[in-house]
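Two complexes, one shared chain (chain A), two partners (chain B, chain C).
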Partner chain A sequence: MIFDPNVILNHLPEIISGIGVTLALWIAGMAVGVALGFVVATARRYGGRVIDWPLGLAVEVLRGTPFLIQIFLAYYGGPFIGISLDPVPCGLMCLSIYAAAYYSEVFRAGYGAVPHGHVEAGECLGLNRFQIIRRILLPEMALIVLPPSVNLAVILLKESAVLSIITVPELTTTVSAIGSQEYAFLEAIFLLAVIYWVIVEAAARLGRLAETRLSTFRFAAS
Partner chain B sequence: MSFKLFTLLVQASVWTIGISAISIAIGFLIAIGLSAALLSGRRAYRRPAEFFISFFRGVPLLVQLLLIYNLLPFIGLNVPSIVAAIIGMSLCTAAYQAENLRGGFESVPKGLVEAADMVGFSPRQVFVRIKVPIAMRLTFPALVNEAIMILKSSSLVSVVGIVEITRMAQDLASSTYMPIEIFSAAALIYLVICWSVALAGRYGERALPGAVK
Partner chain C sequence: MTLPAISVSKLVKRFGTTTVLQDIDLEIPEGKVSCLIGPSGSGKSTLLRCLAFLEEASEGMITVNGEALGFFENAKGVRERLPAGQIRSVRAQIGMVFQQFNLWPHMTALGNVSEALKTVHKVAKTEAEDRAMIQLRKVGLENRAGHYPSQLSGGQQQRVAIARALALSPKIMLFDEPTSALDPELTGEVLNVMRDLAVEGMTMVVVSHEIGFAATVGQQISFLDQGRLLFTGAPSDVFAKPRHPRLEQFLDTYLDRGASMLA
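Entry: the complex of A and B
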């Protein structure tokens, strides 16, 4: 392997756009995943058995099958039932739904970890269900779910590399294309690994920083 | 979808299960070494282990597989792609398992170790009789989780051309034009495998000595 930095420098704009697409997909997928996951967890908690059971099954199916199979099903199977999506929207949809399944479990655990006495205290004060969620459960949960959420965020970033298989123009697709084009595939993959590593380390450090900052409020949850 | 197609998928699942099981086993052995290095007081051991773990947990498995698949021939090892796949998955799971083991050893209650010391156990006996069994017991659920993760991740070895469930499904879907049926069937097989492992894990947890009943 003769590492020629010019290979990278010549393709810098493409690499940066690849990083941009990966980051955009990651953040958008996470945002939708968190929101949808919270809705699912809340619906399962308050909706009774009729809602809890099918949602629980859906979550289990999404968590029990490989992400790659889910993408194939949506991308190649979609057109047969009238949903023809381009790689990018299809990838974003899959990533969001996958994220939602995992985040819903994080929030479910978060709901369970808030001491029941706090909820009862809220009820005694005459708060309604919405107020209890907004004023008691959410703030206390935020601290509890932060560490698993950061973990999950890192997993999602790494999972987004799989989207290259359906040709979403994200980081893995871009850099491996440069590699084949320049006959420097090994160098390209090596660079790819380093870029992911840097992003993951940065995200993990940011998460730890947030945890230490917020841990001052920990007493509220105990 | 015909029964024949389904049988083909089930046959391919032998590869999924085989590759996953071998990778988990090799990964466990590597993880023992890594966690020993992590727990040793010496920086010279700890730092490389931390570096290894950080790399393999920080890079997508797909990229690791591509890297190893292309790196091995480059350094003069022309191995079949199945070997490259197993090496990649083993190294990746080793990093995760090492963290589990470290956590397990660190949460062995100090009092138990001190008690064993008091009754005259040698450090070796303390390790073999007290620390290892308790750490194994504590990390068992995490090991089951990791096995399920690896079973699902093994779908990625389809990109280096191994005909396990996912690759078989892809081939069948493109030759039969029935992607929905084929990929749903593949998903179902993965579900059955993952749920079986989870169920076996729950059973194992209750059957292991020292279970909380």
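Entry: the complex of A and C
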């Protein structure tokens, strides 16, 4: 088999659109995942057993089952409980919830890593719970949760390829279709690997940059 | 007679099934330095943390300048928890200094001292920082205002922590082993700041292993052992002629250590 670059060049607009959809789903899914994950971790920390237990169970189920199965269940099982979603919103929902489950664990660890005395100092000075979270816990844990967050972002990007199974028009769907259409599977699969790797590498670099920035500005000389 | 700054009656503190404080009755006189001494595990730090409401007493009552802290007894004599706002306003009269300083590492010294003024008391940034600078000057660190805690020595960090508590103009200052985490060379600068405060007439409660500080600056000494308050009295009664056998034994270990260093 000979590698034919024309397969790629002839389909550039579709490929770019596929990259766009993947990036959009990934970033939106992460944004929702980070926000929801933080809410879940905070609720579990302060909400008492009645809230901690069911949320903990949900997180365990989401982390303990394959993403592929979750998507199938949501897409094909959803209509049975009155939730019929198109592939894109369904995929985005699944990716967000999956991300939230993992991010909630990252933030839970982050909360745990801030010395309790720093919270007590805030309490003694009259800061309420919300002020302690916003002014002490969040900024202190930012540096701690950054590396695992970037790691998780990388995993989520790759997991988003699974959304092709419910025909979300993202990168893997688009490029696989080109491969079938042109009978050029090697080119297609190779191209996929390269594009995902480039995005991952860019994300990792961005993460390292943020880490350096945060550590020099916020914890000077530490 | 003036009202005591803090009054503790029949206080009991349990962690699970372990009783760490048993029937504590104590009055902290206003404008004086009260020291809590005793061996490790005697409950002195726990008692101080109860006064700061960082630990909630299992039984008994604490009043601060006549106001109930955390709990009150209703007409039927049943102990009830006060509303959160009420608890905060009573706690606002108390400043706390920790063994581990507990400065916030992402804020400068000035940021640490001005934070509660800005966030809690809604003081404008420039005014809050002016007021914070006054406190930093008082502890001799105005030239370190822009430094992060990681750029300061332990003694400097503890002085910033004292300035942070003072910035809110508390009526009472609590010190939980403020020099125990410091190199011996650095304890002096912290103790000097505390001496200055004592001279100004600040009501202070100090948990400390610095027997020398307790003997020279302390005006009321309380000795705890195994969760019980065994003795409260003037320093001369405690150090010159310790009548309680357990207290005598405790002080002997300190004297032994001093003597062994001389030998």
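In this section, the second predicted complex is superposed on the first by the 216 of 222 C-alpha atoms of A that agree within 3 Å, B and C clash if a C-alpha of one lies under 4 Å from a C-alpha of the other, contacts with A are read in each partner's own complex, and residues count from 1 in each chain.
Just so we're on the same page, a residue touches a chain if its C-beta (ideal position, glycine included) is under 8 Å from a C-beta of that chain, and two chains touch if they have at least 3 such contacts.
Since the structure is predicted, the reported quantities are computational estimates derived from the model, not experimental observations.
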First, second, both or neither for A:Glu14, with chain B first and chain C second: neither
Partner chain in contact with A:Phe72 - chain B first, chain C second, else both or neither: first
Partner chain(s) touched by A:Gln131 [first = chain B, second = chain C, both, neither]: second
Which superposed partner A:Glu211 touches (first chain B, second chain C, both, neither): neither
Contacts of A:His118 with chain B and chain C, given as first, second, both or neither: second
Which superposed partner A:Pro139 touches (first chain B, second chain C, both, neither): second
Chain A: partner with more touched residues, chain B or chain C: B
Contacts on chain A seen with chain B and repeated with chain C across the two complexes: none
Residues on chain C engaged by chain A in the complex (per definition of touch): 52, 54, 88, 91-92, 94-96, 98, 100, 102-106, 115-116, 119-121, 148, 150-151, 161, 164-165, 168
Chain B partner contacts - residues on chain A that touch it in the complex: 1, 61, 64-70, 72-73, 76-77, 80-81, 154, 157-162, 164-165, 172, 176, 185-186, 189-190, 192-193, 196-197, 200-201, 204
For the chain B and chain A complex, residues of the former touching the latter: 54-55, 57-64, 66-67, 70-71, 74, 148, 152-156, 158-159, 166, 169-170, 173, 179-180, 183-184, 186-187, 190-191, 194-195
Chain A - residues contacting chain C, complex: 115, 117-118, 120-128, 131, 135-136, 139-140, 218-222
